[in-house]
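Following this message is one structure expressed as C-alpha cells.
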Amino acid sequence: MSTLHTVNKSPFEKTSLAACLEHVSAGAAVLLLEDGVYAALTRTSVEGQVKSALDNVKVYALGPDLQARGLLEERVIPGISVVDYAGFVDLAAEHDKVQAWL
Amino acid sequence: MSETIKNFLYLNRKAPYGTIYAWESLEVVLIGAAFDQDVSLAFVDDGVFQLTKNQHTSAVGMKNFSPTYAALGDYEVKKVFVEKESLEERGLSLDDLQHLTWEDEDEDWAEKDSIHLVTRAEMAAIMDGADVVFSF
Amino acid sequence: MKFAIQVNEGPYQHQAADSAYFFAKAALEKGHEIFRIFFYHDGVNNATRLTTPPQDDRNVVERWAELGGHYDLDMVVCVAAAQRRGVVDEGEAQRNGKDATNIHPRFRISGLGQLVEAAIQSDRLVVFGD
Amino acid sequence: MKFAIQVNEGPYQHQAADSAYFFAKAALEKGHEIFRIFFYHDGVNNATRLTTPPQDDRNVVERWAELGGHYDLDMVVCVAAAQRRGVVDEGEAQRNGKDATNIHPRFRISGLGQLVEAAIQSDRLVVFGD
Amino acid sequence: MSETIKNFLYLNRKAPYGTIYAWESLEVVLIGAAFDQDVSLAFVDDGVFQLTKNQHTSAVGMKNFSPTYAALGDYEVKKVFVEKESLEERGLSLDDLQHLTWEDEDEDWAEKDSIHLVTRAEMAAIMDGADVVFSF
Amino acid sequence: MSTLHTVNKSPFEKTSLAACLEHVSAGAAVLLLEDGVYAALTRTSVEGQVKSALDNVKVYALGPDLQARGLLEERVIPGISVVDYAGFVDLAAEHDKVQAWL
C-alpha cells in the first residue's frame, strides 16, 4: 500500500524522522510539518540523510510551517515539494493511509 | 459484522510512565478489541520498554498498567510485533520482556506466544500492510 | 472522501491542535466529509469554554466551535481522558459530584469506541499529536 | 534551604507534575522550606478541581492540595497561561465573562512576576517539564 | 533594590511555534526585566531558530511574536548569547538571524549589538556562571 | 559553580542528554530521572557516551523511575549512583544551582 508518513518534530531534537525513514517502503511519501520542516533545509547536519531518502520516497514540506519559521523556499532541498494545507489533504486522499510519527 | 474487516495497527513508540501515551494507547486497544477488526500491535523504538518485566510503580505513585498486556490474549489480541533492532539498541532481549500468550481455540486451547520478534525490514512491511495506523 | 481526525494535544502548548484545525478546514473546503473529530489525551482540553486567549492571538476553542457549527461536525471528547483532566459536562458533573462544568456546547463527551468506530467508518484516519 | 519549584506540564500527560510533587514532598519532609510552587504553561492544569481520575490511579490535583494544606504552601498559577488554557477563579470569571470557575481553592492565580520573585527569594529554582 | 543581584540565565533550546515554550519564555523575560537582575539569554540547539528573520505566521494562524525580540534592548536585556555550533548544525549563520541592538546610555546612546556569537565551550562557561537557570 | 543538571528524556528519543553532556563543566553532576533513566543502562547504543561522561562528572539515576520501568540496579552502568527523591533533594541542595534540560 502507499502510505503518507507525517513527521512533525525537529530532526535535531527528536529521533522521529530517522525512525520514519528507516521504516518507509518504496513508493511512500513523507510530509514534514510543524517543527518537522527544519529537516527540509539545506546545509544542515541531517541534509545527507534527507537527500538519501529522496531516492526512495517523495518528500513534502508544509509551506505555512516553513513561512512561520522564516525559512525561505530557496533554502529547501531540491526535490522536496512545498504544499499548503489543501495539498496536505490531497496527499492524505491520494495515499492509502496516513501514518503519524509522533 | 457485515462490513469489511480492516487491518488495524497500533503503533507504540514511546516509553511508559514518562508520558501517558503508552497507557492510553492500551485503553484504545482494549476497547477496540470489541469491534472485531484484524488487530496488530507494533512496539518500535522506545515502545519496546512498555513490555519490560518487573515494573514496580509504587515509589512513583503511578498505576502499574503493565499486567494489562498479559490480558491482551483474552481480548483476542494475538499479534504483537516487537522490533529486534529497537531491542538491541536499548540493550534488551526478549528475555527482558513479559511472556505474552493466547489460547488457540482451534487447537484445544493450546497456549501460544503472542510476541513475534521481527526485523526492522519486516516491521516496515507490517506497517505497509496496515489499513489504519493508530499513533500515540 | 471521508476523514476521521484524532487530536492528542491541548491548545496552545503544541501546534498539533492548530494543524488538525487547518487540515480539517481544508478538507471540508475541498468538499470532503469529516466523519468525526476525536479529542484524546490532552486533546480534550480543546473543548473547554473557559479559555480567554490574548486578543491578538487565535482562539483555538472558538475556532473549532465555529467550524463545527458551520459544517455540523461531530466533535467528540474521550470521557476517560476528560475525567483525568477535568473536562466536564452536565452528566459528568452529576455523576462525579462536581459543582461546575467547563465543556463548550459544540463538543460532546463519549467513549473510546467512538474513535475505533471512526477509524472503521472513515476512509482515512489522520492523527495529530506531539 | 529555600526552594522554588516550577511545573511546566499538566497532570497525567507527562510525569513532570508527579516528579515535582515527590521532590517537593521529600524537601519538606527533610525540613527544607518551599517558597513557592509556580505552575506555568500546561502546568496550570494541575489546579483544576474538576478532575475525576480512575479510582486505582493517583489524584494529582488533590495530592497537591493536601500537601499544600499540610505545609501551607504558596501554589501559584500563572494568569496568562491560565487564561489561554481555561483555568479560572471567581475574579477571572467576572473579568472575562465566564459562567463557571474550575480552580481548586488551594491554588491562587497571579502574574509571572511571582515566578521571578520566587527565583530571587529562593536558594534554588528547580524546574520540571517536558 | 537592597538585595544581592542574581545572574539569571534564560535557557532557550526549543524551536518556535511547534510548541509554546519559546513564546511563554519570552513573556517571563519581559516581566523579569522589571526586577533589576543581571539577565542573560542563551539560544542553544533548536532555540537558535527562535531568532530567524522573516517569520510570517498568517498561514498557520498564530501570533508572530518574533518582533518582540527586537524590543529586548528597550527592556535593558543586552546579553543574548547564540551558540555557534548550534547554528552551524542547522545550516544557519548570524545573517539568518534578526539584528538585535541596545542603546548605551553611557556612550551617548550609541547602538550596540546584543547578540554575541559564542562557542559551545564558551556557552558551557556562561551556564556555569549563572546563579539561576530558567528552562522552558 | 557546581551545577546539578537534570535530564528527563530518553536518549533514544530526544537529544537532550547529548546536549547536556556537551555543556557540563568539570565538577558538575547529572541526574537522570523519568524517561532519562534509560541512559543509565548497560549494553545500549549510548553506553559509551554515558561512560565517557563519567570521567568528568558524577551521574545519578532516580531509583523510583528505574523501578517503575522494570530496570534492575544490576543493569545500571557501574559508577552511576542510584538515589531516591530525598537524595535528589540533597543533590539540589549540595550544588549551587539546578539546570533542567527539557
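Which chain is which? They are A, B, C, D, E and F, in the order written, and residues in each are numbered from 1.
Going forward, contacts are C-beta pairs under 8 Å (C-beta built on N, C-alpha and C of every residue); 3 or more make two chains touch, one makes a residue touch a chain.
What you see is a predicted model, and the numbers here were worked out from it, not measured in a lab.
> Among the chains in this structure, which pair is joined by the largest number of C-beta pairs in contact?
C-D
> Counting only Cα atoms for the centres, state how far chain B is from chain D in Å.
35
> Provide the C-alpha centroid distance between chain B and chain F, rounded to the nearest whole angstrom.
Result: the chain centres lie 29 Å from each other.
> Measuring from the mean C-alpha position of chain A to the mean C-alpha position of chain C, what distance in angstrom results?
Between these chains, centre-to-centre, one finds 26 Å.
> For chain B, what residues touch not just one other chain but two or more?
Chain B, residues with two or more chain partners: 14, 17-21, 45, 60, 62, 132-133, 135-136.
> Where in chain C do residues touch at least two different other chains?
8, 12-13, 15, 22, 41, 54, 57, 80, 125, 127, 129
> Find every residue in chain F that makes contact with two or more other chains and list them.
Residues 8, 12-13, 15, 34-35, 64, 84, 97-98, 100, 102.
> Dump the list of chain pairs that touch, please.
A-B, A-C, A-E, A-F, B-C, B-D, B-F, C-D, C-E, D-E, D-F, E-F
> Could you list, by residue number, the parts of chain A that touch chain C in their complex?
By the definition above, chain A touches chain C via 6, 8, 33-35, 64, 84-86, 88-90, 92-93, 97-98, 100, 102.
> Hey, which residues of chain A end up touching chain B in the complex?
Against chain B, the touching part of chain A is residues 1, 3, 15-16, 19, 22-25, 28, 96-102.
> Show which residues of chain C lie in contact with chain D when the two form their complex.
Touching chain D from chain C are residues 10-13, 41-42, 45, 48-54, 57, 61, 80, 83-88, 92-93, 96, 98, 100-102.
> Touching residues of chain F toward chain A in the complex: what are they?
Going through chain F, the ones touching chain A are 12-15.
> Inside the complex, what are the residues of chain E that reach chain A?
Residues 14-19, 45-46, 49, 52-57, 59-60, 62, 64, 66, 89-91, 96 of chain E touch chain A in their complex.
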